[in-house]
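These notes open a run of structures that come right after.
Shared between the two complexes below is chain A, which has chain B as its partner in the first and chain C in the second.
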Partner chain A sequence: MLKEPKGPRPRKVIAPGRIMLYTALAFAALYYALPLYVMLVTSLKGMPEIRMGNIFAPPMEVTFAPWIKAWDSACTGLYCEGLKVGFWNSVKITVPSVIASIAIASINGYALVNWRFKGSEVFFGILIFGSFIPYQVMLYPLVIITREMGIFGSLWAVIFIHTIFGMPLLTLIFRNYFAALPQELFKAARVDGSGFWGIYWKVLLPMSTPIFVVAVILQVTGIWNDFLFGIVFAGVKNFPMTVQLNNIVNTTMGVKEYNVNMAATILTASVPLVIYFLSGRYFVRGIAAGAVKG
Partner chain B sequence: MNSIEIRDLALRFGQTTVLNNLDLDIGEGEFLVLLGSSGCGKSTLLNCIAGLLDISEGQIFINNKNVTWEEPKDRGIGMVFQSYALYPQMTVYGNLAFGLKNAGIPKEEIEKRIAKAADMLQIEPFLQRKPAALSGGQRQRVAIGRALVRDVDVFLFDEPLSNLDAKLRTELRVEIKQLHQRLGNTMIYVTHDQIEAMTLADRIAIMKGGKIQQLDTPANIYNRPQNKYVAGFIGSPSMNFIKGTVSEGKPPVFRSGEVEIPLSGYEFASQPIGETPVWFGIRPEHVVHGDAAADAPFKTTVKVDVFEPMGSDTQVWSKIADQTFRFRIDGRVQIANGDVIEVGFDPHCASLFNLESELRL
Partner chain C sequence: MSAGQPKVFWLRNFPAKIAAIPMILTSLVVFIGCSIWTVVYSFTSSRSLPTTDFVGFQQYERLFGSSRWNIAVENIAIYGVFTIVFALTIGFILAAFLDQKIRFESVFRTIYLYPYAMSFIVTGVVWQWVLNPTLGIQETVRQLGFENFEFDLISNRDTVIYAILIAGVWQITGFAMVLLLAGLRAVDNQIWKASRVDGIPAWKTYIQVVIPMMRGVFVTALVIVASGIVKLYDLVVAMTNGGPGNASDVPARYVYSWLFERANLGQAMAASTMMLITVLIILIPWFYMEYGRKNKN
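Now for the complex of A and B:
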């Protein structure tokens, strides 16, 4: 007997579409997770075990020596003090650059939306145009500029460069976020007697956590992963972690210590990873908040 | 004494002129409604008065003080916005206190004023809530409260009820009217809703293309519209317009095709001389039918083309002199398409407009 359709439409428990979907997802996950797995197990093996090949096998004898060496005593060019020097250099570069670039860009975006001045659109256009110019083109002029400023070869040079290069994209995302907020809110605050800074601190900032999280993630990962500006502007003593990692991995002297290389790579990548894990939820929310009004 | 005076105001964005040569006097304690369709410049004018837009020319006085270059906070105004514009991260109390704190008013005074406003608007139970936890009507009350605590002489409302549903709109409309009666402040109220305008206003300024078309009491705007735009804009369903000519005589006579309407009782601004092409306007609600039509100074018969029952009454579409003619009849009267109905009206209630200038005759 044919059943009359009534009530909720019955759903198949295992539809062919689902099987396809999950298979594809499983492969994608495997594809991305496998290299990480190989790195992790290799970093926990001793060199004799690595020489046996068999890179997928879990370590027979777990050792943390490669991690300690990578952190504390691996040779990075002339010095053999491990990655910790680079780690702290990277922290010293990343923290001030992130704070400075976000502070300036958020104020830029706020001013561009709410305090239009003559030529503000042109100013914004130039800023956006800046994001299309390859960094390499500006490298030599920037070397001269920082030299003339007397900061070339110091951490300040790298911080300065990162803050400048963060401007186009950050200003764009802050401008778009602030533009999506109701203009009447800004007008109400003006009637209530708030000035430029009052509105920024008391009205806009409390509403803008998601976009600030997005900006922090973008900047931390971008600046932490930077190699080019670090190697050009920082000077030998101040190389960031990425440059030191490269020096460890690409060393041409002696035996290639794969376990130390793997440990060093994971250590370097861990900072952006942690940032993602802690704030991924906000990241999605912030991106969505920019796209949809309200 | 005037509360607000606007002298020769102009506002331009680049090449576009939004407002031009605008003069407006608003008396103390007056409730003025700026009415117009979207893009007519009514909100722009309000923003100029508030100081949220820099004007291109002219002067604005509030309480005899030239505020043309003053910041919004120094103009002695409170403003209520369509989207409420409450600060989402502050409690209702914080929202009300924000402007007062900025002005450096002592804490006891802030508490006193908020308590008074909260009592007046019945928002005490939500003082510690965030705006997100309030309904639309409650939010708009808080927004009104924010203007109220500022203790100013002039209130500006920018379409405050447009985001609310029909029922709440009616309720809050009455509350705003009561508030005005209690406070006696000058209020300027922008809306595109003619019912709000008619019910609230002491005077209505109807705007179009950045110009004030007519500034008058609701009754005069309704009964003696100064031009065809105002006549068509006010009233729902809108006024019937019949194209024709008016010729000199005692009384003067309106002619369109075979229809002749003697204009006895119509108050001409100046008696017509010769023959003038005109629009003859009569409101659907001024057309009578049945027994009443027999007594009307002018009567004719029309054929029902379409009818729209609305419950209390039925709107009938027909034709006079081959031009659309709408009128309302009692909802209980049974009619059918093609019926011939006797209708009539008093030319005293009609409006005549010059065909070219569209100004009232």
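Now for the complex of A and C:
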């Protein structure tokens, strides 16, 4: 015979401490989410409604006109072709920069772990140290270098610069990941007669998909969000989306159209945000991987 | 190792050396070479083109005498100290809260961290709008009935840097939180059990045991946040473009404007050398500590 407890099931009592905890977390979440909310509602309002002055009020009349204008015909001071120009420029900058920087950094990491040579750790140390040097210190010499190479003011120059400045963090991430892989596989492949490139392609790459995903996320968001290198090295024709957004919002000409500005802001932020919301765990992993120096 | 190794030393491990050429060039030419170039030319009178007309510390004298530079340094000091304090304390408090077996933890974490995924330009533009004195928060609160409500940081010379600070802290706190949360999770559970047995309140355990144990994580977060602070540029450009006047100028923007707008390379180089020295002052003790710790192990 089963002895069952009698009476109604006891209610779980939520401790007052828990309630306070959740309230605090919810308030913090509200604070962090509010700017995104304000961006969204402002971009859906007409200008007369915005001038009434409540930034938190939802739109009384939803309009998508600001979005269309931001994408297609917003003025940057010089011309009025909208953000789409910057969007495609950013794509043209980001895709090759991500590929080049990851290719080079993964090979660096591989050489640093499996094919050490005299001084390789020294170069790596300089690389890590260099990642902390403010860009302003190296900016002008790099202008001279790219000018001498004949690529200053072109897409090639920005891609080149992104590859250089992506190298420290990415090399670190790949080095740490490869170092944690079982070295027996590498030795077995060497015994089988595989060389430097053979092992890289046939042994290392197939095992390293997760870290490549982390690196791609890190680089796409980082390069998409760059402003300084775009404005210095890309040339007016190739300005990325961030530069164009800044020009649209901070142009001194004409009446300020806050709804168009906010639509343009969301459009610029959308690529990294979509990546972030889709890849959450990998994004966090990228932060953690980048923070473990040494 | 094997008999097939070439006798000449640089031929050994040859493909690896070829593959490492980009890394070698980047570390030697860009990080060391370009930095030295900048330091050397900070002692010249270079204007729109670099010249080797050395003038000693003249550029530095001019730099330290410039009110614009002094404002920029003061701004970055205010921004830096408050960003570090707020990002690390708020980040830690949020991390400690999230570490209490919270339901929907990942939802909260996603919300706290999303600003970090956005660019400083986007952050600056959004906060410029939220803090807009005629249509932003100030006006909204006034319409609720508080007609004397004052929250006009951004167009006031004395407070504009705090407007930038609000935006910067909003952007970076999630990052600090993620790092510190990882650090909290690495703390041994036995410590919590032991402190519970001894009846020590949780807050005391945090302050006296857990935080000292997380020193390494705190230092890492501090170094990364601090090196980002020195680079502060985009946020200021997007939010105020240094205004009103030059009241919200920062060193990185000072350098940029002498480089590309006012054509005085020598002055720009002197300013960037000062930025470099600041970073070295932060970094060298840290590297020393890391290195010293590894030696002990």
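Quick note on the criterion: the second predicted complex is superposed on the first by the 265 of 294 C-alpha atoms of A that agree within 3 Å, B and C clash if a C-alpha of one lies under 4 Å from a C-alpha of the other, contacts with A are read in each partner's own complex, and residues count from 1 in each chain.
Simple rule for what comes next: a residue touches a chain if its C-beta (ideal position, glycine included) is under 8 Å from a C-beta of that chain, and two chains touch if they have at least 3 such contacts.
Predicted, not measured: the structure shown is a model, and the values here were computed from it.
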Quick check on the superposed pair: does A:171 touch chain B, chain C, both, or neither? Answer first, second, both or neither. second
Quick one: is A:139 in contact with chain B, with chain C, with both, or with neither? Answer first, second, both or neither. second
For A:28, select first, second, both or neither according to whether it touches chain B, chain C, the two together, or no partner. second
Which partner does A:54 contact after superposing on A: first (chain B), second (chain C), both, neither? second
Residues of chain A touched, compared between chain B and chain C (which is higher): C
A:6 in the overlay: touching chain B, chain C, both, or neither? Say first, second, both or neither. neither
Common interface residues of chain A with chain B and chain C? none
In the complex with chain B, residue positions of chain A that touch it: 182, 184-185, 187-194, 198, 202-203, 206-207
As the complex stands, chain B meets chain A at residues 47, 50-52, 71-73, 77-79, 81-90, 98-99, 102-103, 146, 150, 158
Flag every residue of chain C that touches chain A in the complex, lowest number first. 9, 12-13, 15-17, 19-20, 22-24, 26-35, 37-38, 50, 94, 97-98, 100, 102, 106, 108-122, 125-130, 132, 134-137, 139-140, 143, 170, 174-175, 178-179, 182, 220-221, 223-224, 227, 230-231, 233-234, 237-238, 241, 251-252, 255-256, 259-260, 265, 268-269, 271-273, 275-276, 279, 282-283, 287, 290, 294
Residues of chain A touching chain C in the complex: 21-22, 24-25, 28-29, 31-36, 38-39, 42, 50-51, 53-56, 104, 107-108, 110-112, 115-118, 120, 123-124, 126-127, 129-130, 132-142, 144-145, 163-164, 167, 171, 195-197, 221, 224-228, 232, 242-243, 245-246, 249-250, 258, 261-262, 265, 268-269, 272-273, 275-277, 280, 283-284, 287-288, 291-294
